[in-house]
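Questions regarding the structure given below will be posed in turn.
By written order: A, B, C, D and E. Residues from 1 in each chain.
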Amino acid sequence: MSTTVILFWFLSALALLGAMMVLISKNPVFSVLWLIVVFFAISGHYLLLNAQFLAIVNLIVYAGAIMVLFLFVIMLMNLNSNTEPQKNTWLKVAGAIAGGSFMLIMIDVLIDAKDMQTKTALIKEGNIGLIKNLGRVLYNDYLIPFEITSVLFLSAMVGAVVIGKKGEAPNQ
Amino acid sequence: MPIEYYIMLSVVLFCIGVVGVLTRRNAIIIFMCIELMLNAVNLMLVAFSKMHHGAEYLTNPTSTAGTDAQLFVFFIMVVAAAEVSVGLAIIVMLYRNTHSVDVNFLNRLKN
Amino acid sequence: MMFSGILVKHHAALKNIAIAGLLVLLGLNVGENYGFALFDINTTNMLHFERFGLLFNSICIFSTLLFVMLSGKDVEKVGNYTAEYFALIFFILCGIGIVTSYVNLMMLFIGIEIISIPSYILTGSDKKNLKSNEASLKYFLMGAFSTGIMLMGIALLYGTSGTFLVERAAAQTPSISYLEAMGLLLLFISLSFKVSLAPFHFWTPDVYDGAPTVFTSFMATIVKVAGFAAFIRLFESRYGSMGSQTERLIAIVIVLTLAFGNLTAVFQQSVKRMLAYSSIAQAGFMLFALFSLNDAAKEGLILYAAAYCLATIGIFAVLVKMEDGTFEGFNGFGKSQPLLAGVLTIFLLSLAGIPLTAGFFAKYYMLASVVKTGNNLGLVIIAVLFAAVSAYYYFKVIQAMFFKDGDVSFPAVTSRFKYLMVAVAAVIVILGIFPNLLLQFMYF
Amino acid sequence: MSQLAYLIPLFPLIGFLINGLGRNKLSKSLISIIGCGTILASFIVSLLIFFEVKQPGFRAVTVHLFDFIRVPAFNIPFDFQIDQLSSLFLLIITGVGFLIHVYSSAYMKEEAPQHYGRYFAYLNLFVFSMLLLVLGANYVIMFIGWEGVGLCSYLLIGYWFKNNEYNYAARKAFVMNRIGDLGFLLAVFWILQKLGTSTYSEVFANAANFSTAEVTGITMLLFVGAMGKSAQIPLYTWLPDAMAGPTPVSALIHAATMVTAGIYMIVRSNVLYSMAPGTLGFITIIGLVTALLAATIAIKQNDIKKVLAYSTVSQLGYMFLGLGVGAYTGAVFHVMTHAFFKALLFLGAGSVIHAVHNQQDIRYMGGLKKHMPITHITFLLACLAISGIPPFSGFFSKDEILAAAYAHNPVLWIVGVITAALTAFYMFRLYAMTFLGTFRGTHDQEHHLHESPSAMTIPLIVLAVLSVIGGFVGIPEVFAPNAHALANFLSPVIVAPAESHHLSHATEYMLMGVSVGLAAIAIFYAWTRFSKRPEIADATGAGKMLANKWYIDELYDAAIARPLVAFGGFLNRFVEKSGIDAVVNGVGKGVQYTSNKIRLLQSGQVGNYILMMVLSMVLMILLIFYGHNLTPILNKVFK
Amino acid sequence: MIPVLLILVPLISGLVTLFLRQEKVSKTWALFSSVITLAIAIFGAASANTSGNLLAFDASWVPTLGARFTFGLDGMGKVLTLLTAIAFPVIFASTFKNRYSGSNAFYGLMLFSQAGLMGVFLAMDLLLFYFFWELALIPVYFLCSRWGGERRIAVTWKFFIYTFAGSLLMLAGILYLYYQTPDHSFAMRSLYNIELTQRGELFVFWTLFIAFAIKMPVFPFHTWQPDTYEQSPTAVTMVLSGVMVKMGVFAVLRWLIPIVPNAAVRMSDVVIIFSIIGMLYASLIAIRQDDIKRLIAYSSIAHIGLMSAAMFADEGVATQGVVIQMFSHGINVIGLWIVADLIEQQLGTRKFSELGGLAQKAPTLAILFVVMALANVALPLTNAFVGEFLMFNGLFRYNHWMAGIAGISIILVAVYTLWMVQKVFYGEARTGVEMIADVSPGAKYMLITLVLVVIVFGVYPQPLINLTNDATKILAQLK
């Protein structure tokens, strides 16, 4: 068993554990922290897959920026452990069953996908994940989406301003 | 690694996200679960990227096959960031008005 | 088209500038449709402009133009950020330009997001109103969820084909693999969500109801039909290999959508909410285009988009100004505003699919496309029966307007508004008699 | 001359139009002159035509007016046919009709001008329709007249429209006639379908094309028509009720002309009937039973007109008996004599009613003999005629029918003779109670008793003369060989020979003797009994049964009319409102209900929404990837 | 050219009417334009078939669909356009005294419905036909709901949804037909030559027939009708029962039987049995009505039942009878409605239990009504006799027993019609009816005109029959 295999299993387990903990944690702050753990695990996977750029971006953008934003909002709202007052167990069970069956059925279907059974993901070789390659493709083939994303950001910015700016008190 | 492992891992992560969306009622945590789903997809895309690249790589080491998936992941992250900013703004706005982020209280609109 | 995105950045200003911008856009669009492209940008396999998309785009722009002209004043009343609202509307238009002409799934994703994010914001733009806030959050959460599903679908598709191009992906795999099938299914589901097909329609009534009426008007019409354009483009090339199970699935979705939309609309008290449900029902009809995916389907979708947008925008333009949005609120409207009531009647008739209005030919083409595919007559019968149900609630408005007495508080409107409404009604009637005036753009 | 046949119905039509449209402006005398004059003109033309027809070797003449209905499948011309039969009926109709018109002009004197005009218009219209009926050269034209007389009968029965009883009677008459008309109509359809024509000459020429079943069916259906029009069992109850109309109307329509239309039609179709022995048997039985039944009822009636009405029904039964046994000539003969004496009886009754101020109950009459000599004499003559006392006209015609019946089957004869005796009995009961004894009405009425004006008595006298001598046109062979002028006259029209020729003279004398003897006994008994002890008290026991007409009206009411109306009510209330309409509304309600339920799915909870989305995703995946097993079922639903 | 004029004249004058605010003016204008239409219709009916473009019109409409503006005036069309053209001036004139709030809208909508009706009878293209089919319905919906009786909204509502559902079913059938034509068109000619599978024929048959059956209406699709007739303003009821129900009958003859003859033959037993049940059923119910309008409504159902049965008898005679009867029934029932309206307008009631003895106060009205009632009974020498005679004739050829059973209705029709006459006009005058004046000149002349039509075509129906000959020819060719 090579190091990569060990790492793969370790990271997978970590990711799954983190994901479960996000779900289970009562305190939102812990959820955020567990989510960061998941992101780290996923970044680890990226590294394993030789996608160094994405690994870094993932850490910086997700774990660094987005999650901090989440944390910030949670802190701002002062949401502590018991923020979910009434428990609707029925809904939870139903949700879990539905999600679970969704998972089972997807796995069942995808396992049957014959054309995937022989293929493997290249672990170490290849350097498409490097910035150099990505940058070239991005600015050649993917220029338009790149430009258009600016519209997206602009709209998000405008939106954040429209929504976030303090208005009058609600009248209802 | 066999690609199936990655598929399974992603699907399981994805579904944990789905279950999270279904079972939690805190809007922020639901949102986080959605982010979890996105990350599962990202992981899968990267794995596929390497898979396709690997197929080309054997014959042509300079091939850039699979790059597009990684770029896609990049775009997903970008979009997610935008989404988060808007989403959190909305949540904050609601919180300011109702002092709650419990989605179960959101039932003024029904029937 | 491409330039919309660039243009609008500078045009986030007042209504008149918006109108001017839209006129320019419309001109460019129509010009391009006739082959006079002003610019030519190499889109490198991201976008491809062809008749269908362009025509669709033109319809969306034209509808937006009308929307701005009819309801521009009301946009200003929503809040203090008029310029921003217009900007957001233009962003959405940009997204529509993308989804009507994408060839790369990445563009689809980005386009949908560009449409969605401003929509979330517009929904929540009435910040004082808790309903608006609530709608916005609901919309956002569910929208993000469906985005996740869409991405999963795209990822799975990529997994089988190694490309994001719609066409090439189809060409590579003549027989469909489980992975691809699952990917397509997930894409179908998430797009169904965007165009509010049952059983993924649940957000629609709440969001449309909660959003400021003027934006509901925009979202329920232009945004929604754009979703269908995306739908068509996605499945156009893949459909043949998907097998009878999918056809059946779509049929089930159609029936469910028609049933949910129509049946629930029957019981509504608020016209706005009724229109929300009716928009679901109309989506069910538009899905016929996907079911049959032939020439008639495309023609029909174009016509449907035009008829539906024009009529719904017209109705909303009046609804926005009403103080009482329930059916009772319309009592006696025919007496106090005979002209507007008459025009509204034409809109409602069009939505119900009565001949002599564009709505008839729209529905006609849709049904025709199904019949053309073969013997799915059961589906046609179900559809027409539900169309009869739809007449039920549309006519409730007409009844209230003409046959019941009541005092309507309706602000004075400018004669320009009235003339514009009459003009829209005239367009609907003309299209109802000569649908070819629009459809000829598809072929020349 | 016969080419001018169209003039005959034209005159009454003109009279109808003038009187009908101008009734508010014309004076009464002018109205009566127009009313009577047009009929007189028709009578004169009829007479001229009759003389032409009477010449030996006359062949039937068809007068073509225009094509009534011409479709690819058949052509129905508006044609008149002049032959022996129709010209004879023309004479009866216009002749008796004229007399009754004259009589009416006096009888209706007290009516307001516009109603007077209406009355004459109706009467003229009736004559027009009746003429159409007998003149028509095909069954459809006959049917037009056939329905037309029904209409006029309806209008005239309900002439005094303020009285709802009368209106009911009128409606009853029309509806019952309609039942018969339906039969007639179906028969016409059958003929048209089979032969593509309804013109008599062509139908009879091609009668051989019919199978026995067909011809039996057609003749039966035609007979149903005759039942309605000629008041035979089971469609006879309208006729007594029809006495609600003015008395001259009863005389004209319900005694002399319209009710004999059935006889005319069957005689006209004798070619067909001769081919259908089954139908003839049926007619015989119906005729006989009707004759007997009506006679028994007449015994206990106290309304002067009702007695006459049942008598008419009974006599019509006689005629059908004659038709049934093949004595077509005899039936026509009886039609003719009956027209004379029954019209006379009715007019006499009218005269009496006139005198006693609209009192119709014979229990409150009596002793009118001395007050109204002319009426009395003529009435007596008519009674003798109808009772079959030689040498009055009734004797000859009745005898011919009875003889034919005997030849056919002696049992028929026995019943016929009994009926004849009953006829004599009730007629003289009527006579005795009206004219003999002492007056039993109020003092006031007695004071005003008077003979009728001459406009009324002259027709009485004329008819009385005819009743007395009318029988000599049909003297049977036993008295004078080949003297039966009527039979000779009609022979071109009637192809089937009567069976009476088989009887020996001795038998015939015997038969006559028995019937006349029985009649004489009945007369004697009635005369003596009722002139001294008039029957005042209400009948009891069997008599009550008869007085109440065997409760047939009640039976019809309970068995047909009420159930139908009740069924209509049931349909209206339960099937229509709670049934079909409820289903229709139920669809709407169902939609509303489902709407109300489905609406609840929209709970407003994001969690629920997403849950449902996920669940449906699961189901969709199941359908797509595991749905092959569902294929057969789904195929059925969506293909 | 004439077909286009027949549609455009009412359509344009309807539009004009909308802008004539003054009541008097709009009334007069509507009457005037309807008289012009009548003149055109008479001219059209009198023109020979051979005169080229005079009676036909053809222009491109939706080329991608193969739909064309094709109008033509054949014999059957002539009869029905004539009926429509006669009906409207008569309606306008006889209700001239009635006041409608917003009269410009009222008369405008009336004229629109006339245009729609004309279109239905003239269209030679199935899609065009469908268009006009709906166009005729919508104005009537508005008319009934706006100017009707107390329960008008709910009642008209039902009527509308019911017929609309039917129309939509028909649309499904039309679509199917369209794709089965070899040249993908809606033209009558190609539809007549269409060849369908047995299943296809049945599908088309039922989708179309149900739509037509609802319109006619045939038992058991009739329940909208009495309520609607009762609640509509009488002028509209006249349009509905006089002309509009003929649309269904006409459509069966023009679009159903020729296109799917085999299915029509196969299903004829079913349809005829239902029609006959409907005839008797409606007649029995009519006997129990206490309202003039409802009684006439049920009577109308019974008459239509006969037409429906006769149409499917598959006999030329019956078909001709149906066409003639469409005309005759239209005239007669309008006459009855005029009287019903006069009574209601003057006395404010239509209940038999509150009426009686009107003949003393209004003798002219009584006579005219009796003539109309007798025409309703189909007495010989009234126009209805000819039609019924031919129809029963055809039905008899089809099946003796069915004709016999159907014939019971001619007894029942006498029962209830005469009952109505008796209840309204005869008997002692009731209190409350004294104020009735005899018929007003306008209505009187209209009624006299109708009576003349009744009698003239009753005595000499050949002109009408000649017009119907080609309806039979078409059916004969198909055999």
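Here are some notes:
In this section, a residue touches a chain if its C-beta (ideal position, glycine included) is under 8 Å from a C-beta of that chain, and two chains touch if they have at least 3 such contacts.
Just so it is clear, the structure is predicted and the values come from calculations on it, not from any experiment.
Chains making contact with chain D as well as with chain E: C. Touch-path distance (fewest steps) from chain A to chain B is 1. A centroid comparison over C-alpha atoms places A as the chain most distant from chain D.
Taking the mean of all protein Cα atoms as the centre, the chain whose own Cα mean lies nearest is E.
Top contact pair of chains, counted by C-beta pairs, is A-B. Put simply, the C-alpha centre of chain C and that of chain D have 76 angstrom between them. Here the spacing of chain A and chain C, counted between their Cα centres, is 31 Å. Chain B and chain C have Cα centroids lying 27 Å from one another.
Between the Cα centres of chain A and chain D there is a gap of 101 Å.
Chain D has residues 588, 599, 602, 604, 606-608, 610-611, 614, 617, 621, 625 in contact with two or more other chains. The residues of chain C that reach two or more other chains are 106, 110, 113, 117, 120-121, 124, 127, 130-131, 133, 136-138, 141, 145, 159, 178, 182, 205-206, 392, listed in rising order. Of all residues in chain A, those touching 2 or more other chains are 88, 91, 94-95, 98-99, 102, 106, 109-110, 116, 141-142, 145, 149, 152, 155-156, 159, 163, 169-170, listed in ascending order.
Screening every pair of chains for touch gives A-B, A-C, A-D, B-C, B-D, C-D, C-E, D-E. Chain contact summary for the complex, chain D toward chain C: residues 588, 591-592, 594-596, 598-599, 601-602, 604, 606, 608-610, 612-613, 616-617, 620-621, 623-625, 627-628, 631, 634, 637-639. Across the complex, chain C meets chain A through its residues 2, 5, 9, 12, 41, 43-47, 79-81, 84-85, 87-88, 91, 94-95, 98, 104, 106-107, 110-111, 113-114, 117-118, 120-121, 124-125, 127-131, 133, 136, 159-160, 177-179, 182.
Within the complex formed with chain E, the chain D residues making contact are 66-74, 114, 140, 143-144, 147-148, 151, 154, 158, 161-164, 167-168, 170-171, 174-175, 178-179, 181-182, 185-186, 189-190, 192-193, 564-565, 567-569, 571-572, 575-576, 580-581, 584-585, 588. Residues 599-600, 602-607, 610-611, 614 of chain D are the ones that touch chain B when the two sit in their complex. By the touch criterion given at the top, residues 1-9, 11-13, 15-20, 22-26, 28-29, 31-33, 35-36, 39, 42-43, 46-51, 53-55, 57, 64-68, 70-71, 73-75, 77-86, 88-93, 95-97, 101-102, 104 of chain B touch chain A in their complex.
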